[in-house]
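Shared chain: chain A. Partners: chain B in the first complex, chain C in the second.
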Partner chain A sequence: MLDKLFKISPRAWRAWLSIQSRLNKGNSQPEKPQQKEKQTSIFTKRKRVFTLVFIVVATLYLVSSAAAEFNLIDGLESFPKAFIWITTYLVPDEKSLSNLPAILAKLSETVFVAIAVTVCAALCAFFFSLLGTTTTKTNPWLARMVRVVAAFFRNVPDVVWAMLLLFSFGQNVLTGFFALFFATFGLLTRTFIETIDEVSADCVEALNATGATTLQIVFQGIIPSVLSVIISWILYMIETNIRASTLIGILTATGIGYQFDMYYKMMNYASASLVVIAIVVVVIAIEITSTRIRKVIM
Partner chain B sequence: MSDAPILEFKNVSKTYNKITKALSDVSFSLEEGEFVSIIGPSGSGKSTILRCINRLVDATEGSIIFDGHDISRADKREIHQVRKKTGMIFQHYNLVNRLSVIENVLHGRLGHKSTLSGVVGLYTEKEKERAFEILEKLGLTEQAYKRCDELSGGQKQRVGIARSIMQEPRLILCDEPIASLDPSSSKVIMDHLSNINQTMNITCLINLHQVQVALKYSRRIIGITSGQIVYDGPPETLTQDIIYEIYQSKEGELITDVG
Partner chain C sequence: MSDSATVAAPASPATLPAFPSAPPLTPQPDPETSSSSPDLEKHIDRSLRGKIKIGAKGLSGPVIKITALVLIGLTVYGFLTFDYKNIDFAQAVAKTFHNAQVMFGQPKLTYNSFLGLMHALFVSFALGALATFFGAIAGFIGALLCARNIANPLVGNVVRAFVAFIRAVPTVLWILIFSVAAGLGGVAAVVGLTFHSAGYLAKAYSESIEEMDSGVIEALKASGASYWQIVFQAILPASISYMTAWTFLRFEINFATAIAVGAAAGAGGIGFDLFMASAFYFDLSELGFITYVIVIAVVLLELAATKVKAKVR
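Take a look at the complex of A and B:
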């Protein structure tokens, strides 16, 4: 089937070319050279743009790898060694299995913190986004303020939040909680504002015209319109936060991240690998569940 | 009572962002029970006129008298009163698509309810009965429990009409009600509007792009060009020349010239 297609295509192409040339002959003569010139100029222009983009990307790579003292070939060469190391040391053994209950306890702690953070942040973000949206026409200055605050929280990464909060809260669950809370809150506020503006602007206008009050519009118009999109975002953020909380746990000495860090530094690689496997299994399981839920509600 | 106009525009002007002039010195009045079409090119200010009446847009100058009250400088409570008494129908239907038809129809009562009962969606038996009555009249009984995003365009617009009747309005404002509909659904919608106007004595003010439809259904036509009224009278005296003037075009340039 496929090679038939390939066999035909050059022949078809030649036929097409001959039709083209015949048509061109039929055209009025003085127009032709001008048209050709215009066509070539478009193609050379495109070629030039491609060459330029290629040169810029190549220069960026060379300059930045020189600055970071990174060598691609060295990096690739170390791959097989790393693979061998992983397969020899990072394999759970019988002894490490006795640590499984402790690992699962820590993992579930991390997962529940991530879920709690996301739900709290989503609730706050929703009320905040109602103030930030232009559809409800609350107050343009307040709306701008909300957007600025949300942008600030969003643009500081969760790991940086964790570092900052370490000073005030020290190494405990609260630090990780707030670090994830701020980052999630910022992102969700902005997303919710966009969703509300996009999905419910029309029906808000209509409900406004019937004389409904702002609270009635929120509950009868906005919430029903955006609920499924918002739930879908919350599920997505739960997934992201489970991954992020693993990393933040290393910083704040809590949860599964810390467990991994400890085993790793004690050179108990078998147990560390068990942690990795447990995380992967849980993350995949949660992703599958949330994809199913999203399919149902959309 | 009928000798006092239900709506009066006195020298109304509207300027957007202090630059774009949408309406300049517009004056007209509507008697109770009239069925009036506004025609004019896109961007001529048709929608602005309608939105000035229920204060989705604030007029910059002039005064608008609705039911004896000057509403152009009304406060929040008075605006609420005006919106309660005016229904509005939109080109894109503007329904809450994820809710059922009956819920959307009942939204017409929100302006008449306390905030709390509106928030939780608590409607009286009488209101529910009325909603079903209206749906039956518009031929939507079977669709009552369907979600609005399952409906066709014509059905959605009928839900829009039902919602506005539910308000028990004095005036219905229609912003391009048939612009997104096929000819047969358009006829159904226009027939319903005409019927509502005659049987319930609700005044209708309709923005239209289709001159033929305006000529057929309305007893009075207002033609508007770049924010100014250039024609206000019965369809019989709306000559081709005036239509060309409204649309700022010459003979043979309008789709209506084809037929």
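Take a look at the complex of A and C:
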């Protein structure tokens, strides 16, 4: 496989060189003969780009498979095996139904955590993003600081927050709550800044021209124009956070994630399957509701 | 204008009281408008105090209000019903601040070597890349089968429901399920990550296919182009920039998820080191160092993705 790669690469190198030289030519002398050449070479150019992309992707694939100790045959083989395993073991039976109340209690806790986290994070992120947007013309240094802080919260994985909080909060609902809060807050702040810059720039300019105060601009201009986008994002994040809180639940031993992990490790696969089904039903129900709402408000 | 008004004002104090309809204090329908066109008044929406209501009519306003109120209500209800286990909140917050100070202030490696950490980081990157690769292929096929403008409606509905199911199951659970069949490690991690990526990308791709101009497909159909010609000559070129953007976004998500599941499902990569540093060694400085490595990697990845996306457009 590697041999093949080296065989192709000189061709790609030539292709790359020719693209480069043509680009340079185009910059230095954009004249008539140039255009003619461009017209004839559209298909060859496309072919070269495809070859180049193919080589990059193939290299990335080979290197990645080597690093992750992955091979396609094992991967494909695991499908029938997993399918058989799922259909034989991962099926709820009568005994597991007695665990249903416990599962539903944990699931409702997780859903409420996801909703509470998203709403709180969205409220904080909105007021924070008002400081970060350029439309309200607050201090530019403050705006930059806000963006850096948001980027920090967004890029630190929620797992890290969960681990950090696990030391101080222990196995508590609040561990997952704050871990998700920080991650959601970072993401939503950036999104809201972009939304405010994009959606309400015109109306803020108009309000500025009429001599409105900053508070008036915020409440009469920005909030009405971005509210539907914000609600739409909140609905999306609730869905995401339910899934994320499953993962964090496994790490911090709380909520529905822990419930699944417990059954899974006890090899009580029938009950574990009930957990999966319950999560799927809730997530799909939320997705359908939010799609309906989004259709009306957007 | 204003000049003439100020000049006229002192000249006409005598006529002022005689002026029949002095403007009333409470806002009322403008007499001029209502007298000249009484029909117009029917179409003007006024509040109780007579102010003309402005803003878009329709369901959107009330639905936004109701949704916001319901969400806030659920949040309050959630806070009231959570089982806090009598935690000492102030103490926990203080401890968190102290821990965060140690973590972000004094990052230090003790249990991992820097090279080992780089290798683990690359493993996470590889897991994310492979999952994105397979997810993109499966997602593209799924999108062709369920995009409303090119797919068979019946097949489309079935595929859409299937994709929704796949997306609804959290990634960790896919990995845990597959690790029973394939054993813990790279294979289970990649397959598990692929499931959610494929579901996500199928939806994203099909939406970008649906956005495309229907005339192009019709024209190609009329000229007798085959299905695959339509796919590769019309659909792919028209939506390639959206698709690359979505694929890179998914790659960023997959990288983050690969780190997270490394911690939760023992799938390897830097996430596992993260998990060991905190849950086994209880070493905050180590946790801080690994966090910095991850943050730098994520930022670099984002920058690279932005550059490639700009090229494709």
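Throughout what follows, the second predicted complex is superposed on the first by the 256 of 298 C-alpha atoms of A that agree within 3 Å, B and C clash if a C-alpha of one lies under 4 Å from a C-alpha of the other, contacts with A are read in each partner's own complex, and residues count from 1 in each chain.
In the analysis below, contacts are C-beta pairs under 8 Å (C-beta built on N, C-alpha and C of every residue); 3 or more make two chains touch, one makes a residue touch a chain.
This one's a predicted model, so the numbers in the text were calculated from it and none came from an experiment.
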Chain B versus chain C as contact partner of A:58, first or second or both or neither: neither
Touched partner set for A:227, first chain B, second chain C, both or neither: both
Dominant toucher of chain A (residue count), chain B or chain C: C
Contacts of A:212 with chain B and chain C, given as first, second, both or neither: first
Partner chain(s) touched by A:102 [first = chain B, second = chain C, both, neither]: neither
Which of chain B and chain C A:202 touches, first, second, both or neither: first
Touching partner for A:172 - first (chain B), second (chain C), both, neither: second
Chain B versus chain C as contact partner of A:266, first or second or both or neither: neither
Partner chain in contact with A:49 - chain B first, chain C second, else both or neither: neither
Residues of chain A that lie at the interface with chain B and also at the interface with chain C: 224, 227-228
Residues of chain A that touch chain C when the two form their complex: 57, 60-61, 63-65, 67-71, 74-75, 77-79, 81-82, 85-86, 90, 109, 112-113, 115-116, 119-120, 151-152, 155-160, 163-170, 172-174, 177-178, 224, 227-228, 231, 234-235, 243-244, 246-247, 250-251, 257, 260-261, 264, 276, 279-280, 283-284, 287, 293, 296-297
Interface residues, chain B side, partner chain A - complex: 54, 56, 80-84, 86-88, 90, 92-99, 103, 107-108, 110-113, 115, 118-121, 160, 163-164, 167, 173
Contacting residues of chain C [partner chain A, same complex]: 55, 59-60, 63-64, 67-68, 71-72, 74-75, 77-79, 81-85, 87, 89, 92-93, 95-96, 99-100, 103, 119, 122-123, 125-127, 129-130, 133, 164-165, 167-173, 176-178, 180-182, 185-191, 256, 259-261, 263-265, 268, 271, 274-275, 278-279, 282, 284, 287, 290-291, 294-295, 298-299
For the chain A and chain B complex, residues of the former touching the latter: 200, 202-203, 205-213, 215-216, 218-221, 224-225, 227-228
